[in-house]
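Following are the structures in question.
Paired with chain B in one complex and with chain C in the other, chain A is shared by the two complexes that follow.
Entry: the complex of A and B
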């Protein structure tokens, strides 16, 4: 048993090293200006100062967060309502919903963006907007992750039973869903949303093809900086990671606080 | 006593499958009525139709004389305890119990008072702040019972609420549910497949089979006077034998008065009414059938022993109270006396 535990710990350490080394190397590279010897010299935060005072970076970061929040909220609402309708009224249709939601797994970003452009570009109205196209594309890309996370959580809490119990206590079916089921599947919603944040933050293809110069995200900014200044690009990379860690931490802390509040 | 709930010609089909076949049933106020039967007989479906969670294919349901067939479940004023633990996982016992009252917009002070009273009734005073995951199965079902009762519903429905609980706790909860039902004088419909549970808890048992009510009677009447072969097989542990086989077994013993058996197909009698002895009686009493047999097996059941006796082609079960002085070894030749008036002929 001890041998097994030791092996598990070793494996976890190796995975952590594998994950953290690129981060650590980028961090070190961004903090030192002189790389002529084995040991770097000239500790400096000027790369970070340069990025954080660059209006282009702040604009890209703001736009990334905006194109992150809207599709995630929209997809969560659509998936929740669809799964509620299917589970409560048409359980036999669930397998078809699953197939539809899984299709985006197989669609490449380039194919998706070209398809959307050929369908909507040049037209007029709401869907002709590049920003709307981009957000719509993100909704499609994150759909499988959102669907899978919410569906698994619903199964774990035995949703039909909770709906029946809440109904017998005076709730309508939709009220029972939002008052009883949704709070119980919130961890699943949060996890799949964080996964979606990661996917949207990492996107370059869709935003490049669909939004062009209309919207810039942090990946596009990073690509621009990489061509000009390697230390600044490392600092940008570290800052993007920090923002993502921060978003994850804030969401998880809020979640655990609300859990704690409920229990106290 | 007045007719409180009435099912009129209830039919339920799931596609081609007929689950309920023209059910007519009345329940009086304050009664605890059990729907008893094997899996798939339609008892839970009938209960869900009464709750409103399931629609009947045809037929009407009346509660206090009002037609509630088309009333939504949340508006029927019916409480329900489910087979599987159905407490809301994100709420503690107090919050779970208070849920229905909050929904009814009862003032907070009244909610606190009523919830505390109900929690005390079900004996969970020390668990009010615990979450479902921190409770045992029995505690969860008691909390679910409190949650269903706290809104003072017109009817309480219990859908096999004890089936997932271990035997020892189940017995104490049976008594507890019965006590609470009597204490609050609430009309309750209980679904179970356990005939012993039905006997212990019910004012009246409705034995269901294949989507129909086979027999509706007081527990003791159902036990002593089953009206069909199915009822005799399902209730208690009746010896149910083809009349001819039984008659032949009686003939072996040289008894008289078996001609009346020839008019029937089946004879049924309870194992505990059979008298077993080692010696043949001098004369065969006219009011009993006498049979000779051999002990094939004895099965201890705690306070009583069940003997499997081979009598010709028939195997008859005989129950006797456990008595160390009066045991019959396997292979022992024995004489059985079955009182005629206890035999049910179909």
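Entry: the complex of A and C
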């Protein structure tokens, strides 16, 4: 039994090495100015300094945050409203909502971006705006995650029962929904929103195909500097990964906390 | 009361508007557009005949299929070993493993391509290391080829596949292993005859997720190869965005081909999976 455990440990460690080596190498690369031999030389943080003071980077970062917030807020509100209405008044529609929410899983970025583009690009006005197209596409691409997050938390708190209980105490259903259900499922909403942030933060295909040159994000910035300056891009890379890891860490902490809460 | 209920349908309006405008209409548009000629605007099948007669598109379909299949196979194999080890070990190391899997599950696209260029590109750290130490396999590694791409794709398949497979292992009870041991079957025999068949439906469904994931992967391939290696997603985007005139019909037809490939894979894995589930019932 002992020996078999040893094999498992070895396998896990090998996979971890495989997964971590590209990260570690890029990290070292960004921190040393000269790495041609086996041992890197010339420790310096100038690559980070040049990225963090680059107005292009700051602009890309700002725009990334902007294009994150609007679609996530919008999708959360729409899905909350829809799931509340469907569970409370039209349970028969539930499976259709589910199908529509899960389609983006299989369609994925390339096809979604080109199909939205070809539908709206020729027109004029609000819907032909590149930014509007991009926001719409982001709403759809995060829809499966938002839907699953909210639906699972609604099930976990047993929403129909909460609504009935509140109604018996003299609350209207809508009131009960906003005063009782929404506060209770807030942790679930936060987790799925953070996952959505991760998706939009990591997006390249949608913003490249839909936004053209009107909006950039950090991924597009990385692609630009990648061709010009490999040390500057390795610093950008590390900064992007740091943000991603931070998001994941918060998600993991929130999840484990809610699981502990359930057990108690 | 009845009439009042239908007032609530209004609450569904935002959802309907959003999904119709940005999901359903665009998809219908792509399917319809694939039958419209780019030259004359008339209804036609030429977009599809072009795909299957022009070498560039044949190559794109072939390359995409090959890279997706091999990277999904490689990914699922490593993920199986990883998930099995996690199932047997757990504890502190297991926790670290899970955390890192979650962390790197978003590591794909442009950042991944960049990290691999630093690592294994023409002047990559590992390649230099290989030259210095005389390890030819490293020194001659060519990232900018379909094999190099497959290797890179396997990277982003591993965390996804492992995270998909780990919950499935919870379905394997320790007692089965003990029973198998009592009946004289070793660990390998147990996994071959009991473990893997029980896990097969999960393995197959994970496989089809990986396949779709690799088939549609755009940023990783684009950042590394631009248009040097014909791949389906890159050709699709190239029809709509780029220097040449927009080829809506051809691009739509390529998109439909890609969706059909995904549906075929789901169908195949479902069919095999059902066979395993039936076997489990009669056993």
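Keep this in mind: the second predicted complex is superposed on the first by the 220 of 264 C-alpha atoms of A that agree within 3 Å, B and C clash if a C-alpha of one lies under 4 Å from a C-alpha of the other, contacts with A are read in each partner's own complex, and residues count from 1 in each chain.
As a working rule, a contact is a pair of C-beta atoms (placed from the backbone, for glycine too) under 8 Å apart; a residue touches a chain by one contact, two chains touch by 3 or more.
Here the structure is a predicted model, which means the values were calculated and not measured.
Q: When the two structures are overlaid on chain A, which partner does A:19 contact: first (chain B), second (chain C), both, or neither?
A: second
Q: Quick check on the superposed pair: does A:169 touch chain B, chain C, both, or neither? Answer first, second, both or neither.
A: Only chain B; A:169 stays clear of chain C.
Q: Looking at A:82, would you say it contacts chain B, chain C, both, or neither? Reply first, second, both or neither.
A: second
Q: Taking the superposition on A as described, I'd like to know which of chain B and chain C A:92 touches: first, second, both or neither.
A: Touch status of A:92: no partner.
Q: Of chain B and chain C, which one touches more residues of chain A?
A: So, of the two partners, C touches more residues of chain A.
Q: Under the stated contact criterion, what part of chain B meets chain A in this complex?
A: 51-53, 72-74, 78-80, 82, 84, 86-92, 99-100, 103-104, 131, 144, 147-148, 151
Q: In the complex formed with chain B, which residues of chain A make contact?
A: 157-158, 161-162, 164-172, 180, 183-184, 262-263
Q: Taking the touch rule as given, give the residues of chain C at its contact with chain A in the complex, in rising order.
A: Within the complex, chain C touches chain A at residues 5, 8-9, 11-12, 14-15, 18-19, 21-27, 29-30, 33, 78, 81-82, 84-86, 88-89, 93-94, 96-97, 99-112, 114-119, 125-126, 128-129, 132, 155, 158-159, 162, 187, 212-213, 216, 218-219, 222-223, 233, 236-237, 239-241, 246, 248, 251-252, 255, 258-259, 262, 266.
Q: Help me check something: in the complex, which residues belonging to chain A touch chain C?
A: 4-5, 7-9, 11-13, 15-16, 18-23, 25-26, 29, 35-38, 74-75, 77-79, 81-82, 84-86, 88-90, 93, 97, 100, 103-104, 106-119, 121, 127, 136-137, 139-140, 143, 198-199, 201-205, 208-209, 212, 219, 222-223, 226, 230, 233-234, 237, 240-241, 244-245, 247-249, 251-252
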